[in-house]
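Think of it as A, B, C and D in the order they're written, each chain with its own count starting at 1.
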Amino acid sequence: MERDRAQDGGAPAGAPRGAAGLDADFVVRWLTAAAAAVDREADRLTELDAAIGDADHGANMRRGFRAVTGTLAEDPPATPGAVLALAGRTLVSTVGGASGPLYGTLLRRTGGELGTEAPRVSSAEFAAALAAGVAAVGALGGSAPGDKTMLDALVPAAEALPESFDAARRAAVAGALATVPLRARRGRASLLGDRSIGHQDPGAASAALLVTALAETAAEAAGSPDD
Amino acid sequence: MERDRAQDGGAPAGAPRGAAGLDADFVVRWLTAAAAAVDREADRLTELDAAIGDADHGANMRRGFRAVTGTLAEDPPATPGAVLALAGRTLVSTVGGASGPLYGTLLRRTGGELGTEAPRVSSAEFAAALAAGVAAVGALGGSAPGDKTMLDALVPAAEALPESFDAARRAAVAGALATVPLRARRGRASLLGDRSIGHQDPGAASAALLVTALAETAAEAAGSPDD
Amino acid sequence: MKMLINVPERVVADALRGLAAAHPDLLTVDVERRIVVRRDAPVAGKVALLSGGGSGHEPLHAGFVGPGMLDAACPGEVFTSPVPDQMVRAAAAVDSGEGVLFVVKNYTGDVLNFTMAAELAEDEGVQVSTVVLRDDVAVSEDGESAGRRGTGGTLFVEKIAGAAAEEGAPLVRVASVARRVAESTRSFGVALSACSTPARGAPTFDLPPGELELGIGIHGEPGRERRPMMTSGEIADAAVAAVVEDLRPDSPVLLLVNGMGATPLLELYGFAAEVHRVLAERRVAVARTLVGNYVTSLDMAGCSVTLCQADEELLRLWDAPVRTAALRRGR
Amino acid sequence: MKMLINVPERVVADALRGLAAAHPDLLTVDVERRIVVRRDAPVAGKVALLSGGGSGHEPLHAGFVGPGMLDAACPGEVFTSPVPDQMVRAAAAVDSGEGVLFVVKNYTGDVLNFTMAAELAEDEGVQVSTVVLRDDVAVSEDGESAGRRGTGGTLFVEKIAGAAAEEGAPLVRVASVARRVAESTRSFGVALSACSTPARGAPTFDLPPGELELGIGIHGEPGRERRPMMTSGEIADAAVAAVVEDLRPDSPVLLLVNGMGATPLLELYGFAAEVHRVLAERRVAVARTLVGNYVTSLDMAGCSVTLCQADEELLRLWDAPVRTAALRRGR
């Protein structure tokens, strides 16, 4: 698969130009775009979950991300780390299910790595923080890539992010699709044994949506340096 | 509607020839034929009951008439009156629902009218007894012809029986079909109000089967005088 | 329609075997003769309560046999009245000499079979009194039909009259309490889907996806009116209106929010909230609420609302201890 | 699929309103925050029991809140674990200072959310102990999956540990009783039809007319194996074999014959008879039997069998008084 070359050291290509890295507004726009994508794709996520789970993943994610945009619209924190931490707490408090604590942990830990002080972080710092967030998901869920979970999209995305946002997007999408032939070893789908084979994991699909929204937000920011 | 003329006084045409009237064996054969007809048509009766009742009339009648043939095969009484009374008691004890007490009363009262002593009764006596049985059904059920019940087949049959067994059969069949446009005033179907219109009453349909079996038994007996 | 059964002919017998196995402390079951009797019957000095009817309405009636409620239940075939032999034998088994109250739902079949049974039991020296339930307001009492059906109200009669009997009231008194409850009780039912009897194996009527039936009974029969699908709140509006406008209660009521069998408890409690809302709007005070699948129609989805206008005495008897398979308190 | 609801988004809130309206003597319900609490909580000197999980399994868990069983229940969205905020708040509401036992069914979502909640509650000074139910033998414990699900066995843990708490046992003891029950309990479930969640409005999986699913859980998920339709007796053979061969009981058992929601009680009692037959054939003595819809999957048709090997103490605690919406005895 063709990959973009990283353009400057560890900083993802397509990151906001001109400005010194990513600010709170960038993260808010990412999460808002993610919420829109989840809203749009909720039925598909639920259908995927119906096949090998309990048909609620779309509803869960929609409920959580609506709460996130609501909270952020009300009182947006000033730093990217604080935005992510608040969004993560909101997911934990509103999603439930397996995905709530897992996505909540992803954002909280990513935010925690960035700290609540820095108003801007570099793309490289962001990539490192996200990698730590993804690792925390694996630790909480006792899961690893290949288990047919959201990690199959998140781990490759985090690995590709230092290269470029778009590489992360492509890795996430590819990772999600690659869950189809897998036999689930974690989460509800694992209870089906071999019958989980042949279906895309809903959490991997939603993870691909989130990473896609990230790449698109980055691309937009790159296209409008004065934003 | 064309009707057979009565051939000799009040005795139904087609009655057993040669022998002086109807004996216990005749009644047993009638009820056996009726049981066979009910068995064959049980699904249709249940379907009729499904439309305006509770979808059990076929099962009820089959259960009752199987019990009747079982009891009669075991230990058949010696007189037609006693056979009918036993069959009626058996229906009461095995059918349940509305049709159990009503058909049970029909046979018990008809048998009671004939008495348990006479080994043979004339066709005229039989017709009179059956009319009394039918009247008892109306009294027990508080119902009359036109109410869309078994009486819509039984009453015309009893009225035609003095003429001939076959006239009774035709009257019963016509009476059952004529229940279609009626609005039920008694029994479960009456709870549907106008929605009972347009369906044949299941009890009228089963009554037509019983009268048809009677006519066929009489015709057979007439055709084989030495039986 | 798939069913958890062996063969259709044996469903009632199988259920009775299960009932006997599950409740040996409570019941004696004669599977062959289809009689369910309170373990310690006859109870000396106590009037006995006996009910019965077609099967398919479980836990009614066998689930209500035990101290404080019924002494005996006679289950018929599915949706088919039991036969008089059952009631006669059961009456003999539970009569302590104080007499037996027959609790009968108003269906032609039940009324005819119980009437025959009462005559036969009295011939055998058992004193019998009968109360007939006609609580379903969906049927009009204009003489142009078999009259109002007995449905959810049966539970109130069996519980309250059962408590009176347990207290030692004589037959005339138990019967008059039972009639008082019967006269103070009204019900209205709604079906979202038809049920399937084991014998038929298919739904008893067609109910298209976007429609429901208002004014159903408990035998899988279609109702009086078919309507486009309604919300829980709209159904509560319609059901409560029908009941309240007929009963016109002027004192607090007992409320039964009853499931028809296949409606999840999650939905039924949500419906109960709407029923409470409508009653509050109509200024009807609710003294007690019971929510559950008590008077059912096999696997029908739907619900019914029953109100019983209760004075102090009926309320006290409703609250009295009871120990049965399906309703239990204070024991 | 027609449902007795207002809008899918509000089913849980509506049900909680109904629960509050129906059981004011028993429960306090915070509809907004989705917490159901025993009316008289916190009970001085008593360890509190708290459970929760996705909605759609009613009466589990809110129907088991009351003296002798749970102190609080936290219902999530349909088939979705509740969020930690609910458990933390409920724990604070019911803790008398003696600590709180979390009763958790082994699903990734429940375990993760309860684990977070336990940490947060302990930060707030509440002592928390957790028991995780893994009673469903249909899932293997080979590490290649999330492990055995918690299903019907939850009822036994909540009732028996609840009785121990009511007797005044300290947290370590209540927790050890709960674990003993959990370890002595196994379940197996069968679906005749899929259920429909309000959000989706259609069956969660396709189950053709002539087939059933063996080894299902309680979330409308397909089972481990699809088979041509079986009789009640054959299903009992399969379910009891799966449970008994895993549990290998050598003393009398508590038996739960549980309906999945839409299976009529008539069928369920018939199935209970077959379960008793198979247990007798396998020389397993049954100390107590409970038959009913207790741990359900919305409108799924089907059943599950749960056995709990009970020693004298567990049996005594099982028989102890309890007063909840769905299970009541001796009060």
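A few remarks follow.
Following the convention adopted for this analysis, a residue touches a chain if its C-beta (ideal position, glycine included) is under 8 Å from a C-beta of that chain, and two chains touch if they have at least 3 such contacts.
Since we're looking at a predicted model, the values are computed, not measured.
Looking at which two chains touch through the most C-beta pairs, you get C-D. For the pair chain A and chain B, the distance between C-alpha centroids works out to 77 Å. For this pair, chain A with chain C, the centres built from the Cα atoms lie 55 Å apart.
One inter-chain figure worth recording: chain C and chain D are separated by 28 Å, centre to centre, where each centre is the mean of the chain's CA atoms. Of all residues in chain C, those touching 2 or more other chains are 78, listed in ascending order. Contact with two or more other chains is made by no residue of chain A.
Shown here, the protein chains touch in a chain-like sequence that does not close on itself.
Interface note: chains touch in the pairs A-D, B-C, C-D.
Contacts from chain C toward chain D in the complex involve residues 2-7, 10-12, 14-23, 55-56, 58-59, 63, 78, 192-193, 209-210, 212, 229, 231-233, 235, 257, 261-274, 276, 286, 289-291, 293, 296, 298-299, 301-303, 323, 325, 328-331. Across the complex, chain B meets chain C through its residues 46, 50-56, 58-60, 63, 92-102, 140-141, 183-188, 190-193, 195. Residues 54, 76-85, 107-109, 112-113, 115-116, 139-140, 144-146, 149, 197, 199-200, 204-205, 217, 219-222, 224 of chain C are the ones touching chain B in the complex.
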